[in-house]
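In what comes next, chain A is part of two complexes: it sits with chain B in the first one and with chain C in the second one.
What follows is the complex of A and B.
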């Protein structure tokens, strides 16, 4: 469908392209910088974008491959970067799954059921998520250290504590999914009810399959949120082998010594799981899943 | 197979009462059409039967069993929704099988039932498709197929044809009539289209503002409407209404005077009313005559618009003594055109008189 364009429009199209190209360059530049820093010998934040000599020392460090020290001995990297990455992936996967389960069911109740206090609860959710979690950091620490006395599994310095803390931050997800549910005509679930489905069956076998795209989006958001989260992880996790990537990477930056090169290599590593999950999820983010239900 | 019985059924949403006491009996195997203007409560009544809305007061019996508290799936009903409401992520076969699958029927049983329904509706070639890949008419068939598969005692249709184009609507209407003849199952059908009501129903229930106005066979409603609302609702184009006053009344004939003074006689018994009572004269467009010659008992007006459709001519003429328009369905030979003077005559045997309370006065022809 090509609309006929006036000749005077052409310079506008050119200007628009120029603007977009500059914008893309601005967005991509920091990423290129990080890649460049990770491949540069030494730990320098500044320098040329294309390094003169390429060194894999930072990548060896990040991947935990022993390297030759100045005295000729093999030195094993002192920080378990890959373990942190694994911790991050583990916590993010579990907490995103739990968050998804809680928010889809809660959103269903808010979108389809009638109950007392619904408006107040929705508003409460909205208000609560307006305050950054950092404000409650001390409380979170106190709560989990207390929980740890009774259930050590969920105490401070446990991944489960972090999962529990992350799974609580679903107010926005509930609102998002609720909005999506409301675009699906209720008649489809009514048809299922007449067909003999219980409310749970109507939800599980009819509504959820139609909501796949939004569920994938929410999973992705929750996953990314957990991977990049720093404040709670830094407060709830202590021992070095428990740290997540975001919390652990702080250790590259001492007051006396900034390991920019190692930091950059680890940063790129931490982006990998997000990219992989995104590519996997994209398969399910198909639009138009509900088309065909109605008159058309 | 099931009959239905409504006893003083009421439904309200909060403080707003939608249905004000519905009393009705529907026999086993009947095709009953609920018809009325939008917002009259006919769909709400259907949803009460389906169990998708709770009944506020009164009782509903299906097959002799009181079902007020029975969930939809246990009522022995199947429903076809206005929007079809197909499951978009399932194939046509899965859509039709869904209910049986939930009920725990065996795979061979389900496959046989789906196959049989597909045969009846001639959609066997579509069984593997998703609803997305179907046309509106095909989706409609699938929705009906999903209902047939469950072998319900009562079929409920909520304006099933209103989303189809005109040609397809006529075709599906004929098929629904055939389906009812084949299955002989009780069917309840909601529509605002009186043509669908007239063509499909064994009995029509006319509903207005949450009350039943009249129940009867299609032609009975056409010929003997109980009141002005039913008279205006049944028949297309709708009946003309003219304000008039009673002049004299005998056993067989009543004479009224139109606003412009024209005397008109009607075969109706208006003896209970005093002379000078304000009445409404009703006459259908197909019975109102318009000609170019003046005469006794003819009202002189002018033609506003003439529509020539080939087999008929619709004349929209000024109502004598009032600013409204009257519709005349005339033969194609009628030569009256826009702006021409027209003389209207009212055959007594086709006139209706409505009393001050809008009830139809007894007719004598």
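What follows is the complex of A and C.
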């Protein structure tokens, strides 16, 4: 601490704390509010931050447990939250696996091989990810509805269509993995090749096991990316029981049918695990990426 | 070892030939359904596949093919296809391809003269017998049992039958499910008349509405008029220019672009939305960056305690999935039921109409987007501030400068340059921040008095979505043309960004 400390220092520390606390409160307020809303009775009730009566009706709704209606009949929740969550996890797992396969192989060629058009291809990948897919929604919809005429399995309103649509968005992953491969000395694979390994074996048996940290990171990134993707899912999925969480959530807040409390419970149910995975991945990502960089 | 080696040598080519043949077979099937573009893409993919995985010269491409292929087909191709659609009249009125529209017209039927029959279906095993009863005389006929599980065009003969058939008549619900299969059936009555399904429980003589002529025009069998395809308007037209539904897709050249420039119904909302898009993206970057930078400076201040707690809490908005936090804000800001207005009305007695007043809606969007965006800027700035040499601050302290002078004279000038590429990419991201606008306001409140549905908070990306998927007309063509313009804008932003990145990198050296 070489900076001169003057009298106003204390006041400045106090002001800084005050500012940070107010800001933290603004950040936390919506989150605490959601928890409170999910626990208080009714979808319209307005109340305090700490609800006076705790009601689990919204959690029952979110978990799909039938509840007793006013007329004594059992009512099943009409929005299948758990199914949507399952759809999200399913699509995200498959597309992250596909993305991993597609990007590790392509990155290997970019990092280790010489071929015509390498520079152009790398630049093309860089440019490609600057154009958001949102702008091609019309074409994506048209393409998949046409594919659906021939292969209904891959048409509109199918999870496989979504997986295919996501499989192209790997430009950034290729760049990241390529960067990681380049930090691993090529001599190790060369040694394997001298021992009689084919390039494929050198890749599969030698390079990939060493790249495990980055593969995990890419898998998680692709997984989270697919879970939170909204535009394509909302265009490609139609029927209620096919929707993913991101495409279905807005149905809670229609003006005609305002399910604020049920929404809050569903939001925590789906948002909490994703956020935790993200925060963990974030730490892991930084350590994974830097440990890779140090190896070179 | 020698045996598997030899096997391997044969296995590879054999497998390739098999895969190639299977692929060709599928491509042929696709082509036969009339999807020639899809068949074409598949054929090119197949050819590349066979070439790359057989030629020894293309070894590197074997690793690239799956990934690059997926990127080309599912990212680059849709973008090019968007540009292409921008030159067509593709819309809900002109939805079908020319081929399909023609086929649709050729399958149209009309009711011809002759007796009508009340129809009903009775089970026989897993198959069904069709019973037809003359609506006037009450004479009953029945066909042989038929399979209704698939749609097949066939002609059946009906013969006189007893007044009632065994079993229970097919329920209306099942009837509706099998309507398509039933519509494909023609029944020949004993008197020679051909009848088809004309209602859910009715069969009557019907004839095809149109017959195709060698020159491509269609003759109406009922009134013998001729309709001709008009490749400019995308409709079959009668001799006096009346359009026959359904329309089909045709090229209309630059019409959409001319409309955007000249037609006030398109130009005015487009211009207004364009200005808001830029304002929105720029203000978001300014707000999120200023807040993020300020926080980064504070959190790097060593006299401050609990910094890691603050950092974790302030990072939270970045970790929560956008679609959830945006919807949470949509609920919190709700005009009547939202918690924010409840707090405001109890404190100040005001209830701002966040969703119905254009200015307030825009304010809300900026508040929410700053909330969503500052943590990222904070993290980036913290890293950059750490890299600033401490002795600069020591020197300025010796010179008697206060923290505000330090911030504006040392910190900001030193980190703004390496941040420029990030600021531009943040601008580009928000320029197309579809998810935020679409989930928070959906573009509403709407601009009044426009023929196209457009909103005051719409950005260009949500505007195209609206035109394409939400408006009544589903004007895919116009929406694609606007998307193409956005592509050009994004390209300009990207060029600026690449320039900025290069300058930053050169500086580092």
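Criterion: the second predicted complex is superposed on the first by the 230 of 296 C-alpha atoms of A that agree within 3 Å, B and C clash if a C-alpha of one lies under 4 Å from a C-alpha of the other, contacts with A are read in each partner's own complex, and residues count from 1 in each chain.
As a working rule, a residue touches a chain if its C-beta (ideal position, glycine included) is under 8 Å from a C-beta of that chain, and two chains touch if they have at least 3 such contacts.
Note that this is a predicted model, so its numbers are computed, not measured.
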Which of chain B and chain C A:185 touches, first, second, both or neither: first
Which superposed partner A:210 touches (first chain B, second chain C, both, neither): first
Contacts of A:194 with chain B and chain C, given as first, second, both or neither: first
Most chain A residues touched (candidates chain B, chain C): C
First, second, both or neither for A:271, with chain B first and chain C second: second
Complex contact set, residues of chain A against chain C: 1-5, 9, 12-13, 16-17, 19-20, 23-24, 26-28, 30-31, 33-34, 37, 44, 46, 98, 101-103, 105-106, 108-110, 113-115, 121, 125, 127-128, 130-143, 146-147, 149-150, 164-165, 167-171, 174, 199, 203, 224, 227-228, 230-231, 235, 245-246, 249-250, 252-253, 258, 260, 263-264, 267, 270-271, 274-275, 278-279, 282
Residues of chain A that touch chain B when the two form their complex: 185, 187-188, 190-197, 201, 205-206, 209-210, 288-296
Footprint of chain A on chain B - complex, ascending: 50-52, 71-73, 77-79, 81-89, 98-99, 102-103, 130-136, 139, 146, 150, 163
Contact set on chain C toward chain A in their complex: 29-30, 33, 35, 37-38, 59-61, 63-64, 66-68, 70-79, 81-82, 84-85, 90, 295, 298, 301-304, 306, 310, 313-317, 319-325, 327-332, 334, 337, 339, 342, 371, 390, 393-394, 397-398, 403, 425, 428-429, 432, 434-435, 438-439, 461, 464-465, 468-469, 476, 479-480, 483, 486-487, 490-491, 493-494, 497
